[in-house]
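Next come two complexes, and both contain chain A; in the first it sits with chain B, in the second with chain C.
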Partner chain A sequence: MKLNIARNVHYESGPNMTPLVDIVMVILIFLMLAGSFGGAEHFLTSNLPLAQKGLSNAPPPPGWVPDEPLEIRVDPVGDGFRATAGVIRASDAATLTLQLENMRDQFNHAGTATNKIQVIIIPAKNVQYDHLIKVYESALNAKFEKVAFATAHD
Partner chain B sequence: MRRRRRRYRPIPRYSEASVNVTPLIDVVMVLIVFFMLVARIGISTGAEAMTLPSTLTGVKIEDLGNTLTLNVHYENLPQPQVMALIGGEMHELPISDGRGNQPLMETLKAFRERNRDFKVILRAPKSMPYSYLEPILQACAQAAVKNVNFSTEVRMEEVRP
Partner chain C sequence: MINAPQMRLSILALATTAIATLAQTAPTTRGLDALDDDALISELTNRELTPLLDRYLEVRNLPADQRAAVRAVVDAMHTLSAATPPTNKQRIDAVVAINANIDATIAALHDPRFFLQIATVLIRGSIERDANTLEYWGPSAALQLSLRPTAETVLKLLDKTDEEASRQRDAIAAQIVPGNQEALTPRYTKYDTLATTAEYTRNMAAYYAALTYDPAAPERRQLAQTAIENLDQFDNPDSQVQPAVRLRLGKLHLVEGDYPAAQKLLASIANNPDGEIKPAPDLSQQFDARYFTVVAEMLDNHLDDAAQQLGTLRDWSNTAIAAENTTARNGAAAATSILEYRLLMARSDAAGNAADKQALRDQARTLLTQLVAARPELRTTIYAQVLATLPPDMAIEKLDPIMLAALVREGDQERLKGPDEKLNTAVLERALAAARELVKRRGQPNVSDELVDSAFLLEGFLLDRLDRHSEAATTLLDYLSTKPANLTNAKLAMDTTLALVDQLRKINRFDETTSALYQRVLPIAIGPPFNRHELAYEYARQLQQQGRYLDAVSYFRQVPADDPRVISAHFYEMLAIKQQLDNDHGTLTGTLRGEMVADIHKLVDDVTAQATAASKNPSVPGEQQAAYRELVAKTVLVAADTALHHESQPRRTLELLKNFDTRFANAPGQADRVADALLLRVSAHMDLNQTTEATSDLVSLLSTRSGGQGAGIIYTLLQKLDSDFNAAKRNGNGERLRSLAAARAALSGYLVDWAARNPDPDIRKFTYRYRVFDAGAHRLVAQLETDAAAGRTDMQTALERYQALLSPDNHKEYLETLVPGTDQAGDDPLVLLGVASCNFDLEKYAEAQPELAQLLDGRKLGPAQIPSSDGPTNNDPYWEATYELLFSNAALIKTPDGLAPTEALLKRLYIEFGPDLGGPKWSSKFEALRKQIIPDFKIRSLNQK
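Entry: the complex of A and B
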């Protein structure tokens, strides 16, 4: 009698995935260990970090119109700050942004283009960097294009 | 009379007992693609851990090769201590060394002369007074470095009156 046993044995056919998994795991661990991740950081860019006067003796080119200065004084008040510039009085970034936007509109209505306004932040020596960055950001949010720091006032 | 065929009881199939690795490979491949896209391998700007100010607005800098990151420390120091990664090593760049040299300004000037697109990334603790920041900005101005980027943390919420 002929037995029909061996014919029904099933062999699993297909690629052997074990080496692939090994290599993929090695790549994964390497990337996790070697990679550095950019934290949640970004940058406030300044094309004129410090506004200085009297650096050059060269005469200005003919027809040159100096920028209209808008000076913002920043003083420490308790744990916060106070920014003043003409009629502007602000002690938080949001209020300062709104007031600077109004100021920019007034400049524009008076015929001064935004790119001809030079915002100069004049801090006291002991103003915290955090507060200066808030003032700086407010000026950028108010769509001013030229923002710079000046040497500290007394 | 119809002859009934004799039915054999089927022999149980032999199947290889193994773990199904297909979902594992799927997940691992997704992770690898994620890490390859997000991770920056071999790029070190020399940024030191510190509490940065936070802002809503800001830009990303793509060409970090043209930048020099200045880490500023001020605690219990008469003048700011500026640390920067130059040539693969962290160097201190004093504002003034007491012998009439200005290492920070001279270093920035050398970078600027070699590379017209040179940028400075400034990292300073949020509580630092402006008196420590001012000489660094002066050094940048004297070295004709026009592009200074203040590094800040991303603030997620917006507060408006």
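Entry: the complex of A and C
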């Protein structure tokens, strides 16, 4: 079974891996994540490397503002999940996609380009993989371009 | 031969008396040894000598199944003829048991007296009741079907009685010779009487069997005709039962559909021309004759004649039945009302158009509604009849009130089923819908207040029976909110609600719905007319925890004097008054405040006296004695706090707290209490401008403690200060804020010195953190300073404290505080934020902006929100830095293009985090900034497609 995500993925660089991004690939990503849950905090890239951040020596110019990531936290709720990102509260993929797409659209209209938004999915330790897949898919279906995973939170 | 028709008639009078005798369960006066063979069974049955009966059946060597059958029949007879009338269910069960076991019983025994006895019990205990319903209300398929097996059992029993009695009579006749005639004749007569009685009763009872068939069924006609033929011989004065026989013949003609014949016979009873009927019909028989005359006219479709006859019946009843005979008059009135109902329904069926049909039907139902109101004891029968006419799948909202009431009644009966009976939830659900519909129709025609009251109450009970306990409790509370006039019902509802809520709380007391129910039921239960004051303590505590202090006080005052928690109630009442004073925003008048303080004084005295006495009472367990000591300590603190903050008497505070730590050295929670007392002492000294004494007080206390204990006390004290500070901020109490901030700064300075000079390395290692805290405490004092120049000076001092923390020595100490493995690059982000924020407060935006930008760019302050078990919480340092960065940009950049990224980020943050951006601490500042730089920006919903 192919997941309907490949066509939504945009790569800024690197080889075109689109044909390989299928369910097997996604599962592999989560298997990698499983080994890292509870470890030191760092991001595990999925389809894109994260922008490097940190203090630089040169002071930022007046009027400068940071690029803020959009963090989606995923917690288990019963047999399901709850995704939280700012005001977003969703327990199913359709709602999450809708809310994320509206948020992304509003960001764009408010002057923040999509490629300036790094989405970071932060799962709780015991989140099921298939729920993470749904959240990941939702972010892509909402047309976010940079989607990454962070290690699990408590 | 003695078997002459004339003699048969003469003994019939005796036979009818015999039936009455047989129906009674009183034992005979003869000894058991005088009885022959099977006759013993009826005697044992009458005397309810069950063990002897069992023994007899065993001795008879009856097969086990026959023994069981006889035993079941006897038990059922006991039920039906018990002195206490059986319930409907017991009655039905008994009748079913007899029907099921009668064949085996007949096969096992030969006593005609016993068989006649069973038949009589069945007729009196069951059949007459149902037959009466069919006679008065007309055919009902369900009732007819349920009655038929019993009617058939009776016929079977009477046939067997006749057969056995005749056989035994004939056997005796064959033995009679001149020498033994005198001895055998009584026995002969006995069996002959029994045979005649059985034959007569059988034909009279055939009427009941006929009634169980549909009017068009051939069995009905056949049974009636045979009975008419056989009873005809008794329709003469010699029988002594002529009026009863004539009446039954009239009814049998009605049953067979020969209405003219019926009317003729019934008219003869009503009028008794020339006294032809002997004995003369009694009042009841005359009434029945007139009544069934109307029925005959109605069944013959002579509806106008029937209506006229009904009027005649009413007139006759009013004159013939003595006014003082209210029972008979009421009975006659009810019967005629039922007849009028049937007549109206018949007219409705015959009406030519729908409007007339409906109008007559409405009139009929109104009549029944009135009858239910006038004769509530007939409710079950009336409702059963109404239910029988209920149209299938009729929408509840289209039903008449009487039908709704019938459905509710049916549900009520269903809910009363025992735990071992199968519950018909469909009936309960239907009754629930009907009850709700009735409540909705309050005030409408034919919907009395009593009907609504009982329907509303039953709605709750039905929900409970359906295991929808939360809904049940909610409904019962809704019912109680209507302040029902029926106090018995109200008390029942209250008891049930309390039981339900208690049950729900045992399952999960933290459930939101259950908590809400508990909150709701308590004030109703405590108030009149229920006056459950034992719940006042619990409710008052809840109100207090919700911040409804004055309400809590009023309920604490309702705790009964003999309640074991009364001392606690007084303590919490005192506390609630003080909490109200603490949280007042200037709404209380001076007089009222004075009264409240006086109340506190009184309660302080009461609680101190009562709790001190209890703590020394040898009969009080040691653990409780300690709890009372703690209560006294807390009371002293409340008194000291009140003196300081609400009476402006810091000296009194110090007086009250003198030697506090030694006075309550053994009280539980001593460390916390001492910290509370310490804070009050420090505050009191500071109010008196006795800073030295404040510090000295603290030092003298700390000197008595080890290093770890001292640090603990200071830490607790600072926590208390922060908690008080936040409370003062919520209440907008600027003066208190400044006082607390000053106390905090004074304390933190001391804390730094104390830690830095402490010989204990475990305390010394916290010096750097105390310095950071101290710098923040001084910045806070500067922010709260009302004098602008003084504020700037204070802020500059705070900035310098922060900048000093960036020195190489302090940086080294900072690195030592880090957990191994933590990123050690750069300076302490909290110090950097402090420097930037002080510059920001000093309006040096050009200096603040790059510092803030670098902190945020490196994500050194963490994310906007931090996950927790209660959901994400706002990260204050992040929001402080973000707000100050955006504000600095807006202050520094004057070109639209230059400000565009700032505007974009602010919009983005609003889109992502909503209108409460930054949480309670920062949202108003962000909102002010939004109005300044993006006034037209609006957030759209994220849920719109």
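We take it that the second predicted complex is superposed on the first by the 88 of 154 C-alpha atoms of A that agree within 3 Å, B and C clash if a C-alpha of one lies under 4 Å from a C-alpha of the other, contacts with A are read in each partner's own complex, and residues count from 1 in each chain.
Keep in mind that, in the parts below, contacts are C-beta pairs under 8 Å (C-beta built on N, C-alpha and C of every residue); 3 or more make two chains touch, one makes a residue touch a chain.
Fair warning: this is a prediction, and the values are worked out from it, not measured in the lab.
**Student:** Under the stated touch criterion, which partner chain does A:V65 make contact with: chain B (first), chain C (second), both, or neither?
**Tutor:** After superposing on A, A:V65 lies in contact with chain C but is clear of chain B.
**Student:** In the overlaid three-chain picture, which partner chain does A:N102 touch, first (chain B) or second (chain C), both, or neither?
**Tutor:** It touches chain C, and chain B stays clear.
**Student:** I'd like to know which partner A:F81 touches here: chain B for first, chain C for second, both or neither.
**Tutor:** After superposing on A, A:F81 lies clear of both chain B and chain C.
**Student:** Who wins on chain A residues touched, chain B or chain C?
**Tutor:** Of the two chains, more chain A residues are contacted by B.
**Student:** Just to be sure I read the superposition right, which of the two partners does A:R73 touch: chain B = first, chain C = second, or both, or neither?
**Tutor:** second
**Student:** Look at A:F144 in the shared chain and tell me whether it touches chain B only, chain C only, both, or neither; answer first, second, both or neither.
**Tutor:** The answer is neither, since A:F144 touches no partner chain.
**Student:** Name the contact category of A:A94: first (chain B only), second (chain C only), both, or neither.
**Tutor:** It touches chain B, and chain C stays clear.
**Student:** Between chain B and chain C, whom does A:D130 touch in the aligned arrangement: first, second, both, or neither?
**Tutor:** After superposition on chain A, A:D130 lies in contact with chain B alone.
**Student:** Do chain B and chain C land on any of the same chain A residues, and which?
**Tutor:** In the superposed arrangement, which is not itself an observed complex, chain A uses residues 40, 55, 95, 98, 124 for both chain B and chain C.
**Student:** Tell me, which parts of chain C touch chain A in their complex?
**Tutor:** Going through chain C, the ones touching chain A are 821, 825-826, 846, 849-850, 853-854, 856-860, 863-865, 867, 871-872, 885-886, 889, 892-893, 898-905, 907-909, 911-914, 937, 939-945.
**Student:** Touching residues of chain A toward chain B in the complex: what are they?
**Tutor:** 4-5, 8-12, 17, 20-21, 24-25, 27-28, 31-32, 34-50, 52, 55, 92-95, 98, 123-130, 132-134, 136-137, 140-141, 149, 151-152
**Student:** If we count contacts the way the header does, which residues on chain A are in touch with chain C in the complex?
**Tutor:** 40, 53-56, 59-60, 62-66, 68, 70-71, 73, 75, 84-88, 95, 98-99, 102-103, 106-107, 110-112, 122, 124, 153-154
**Student:** With touch defined as at the start, can you tell me which chain B residues reach chain A in the complex?
**Tutor:** Contact set of chain B toward chain A: 8, 10-11, 13-16, 18, 21-22, 24-25, 28-29, 31-32, 35-36, 38-44, 52-53, 55-61, 120-121, 124-131, 133-134, 137-138, 140-141, 145-154, 159-161.
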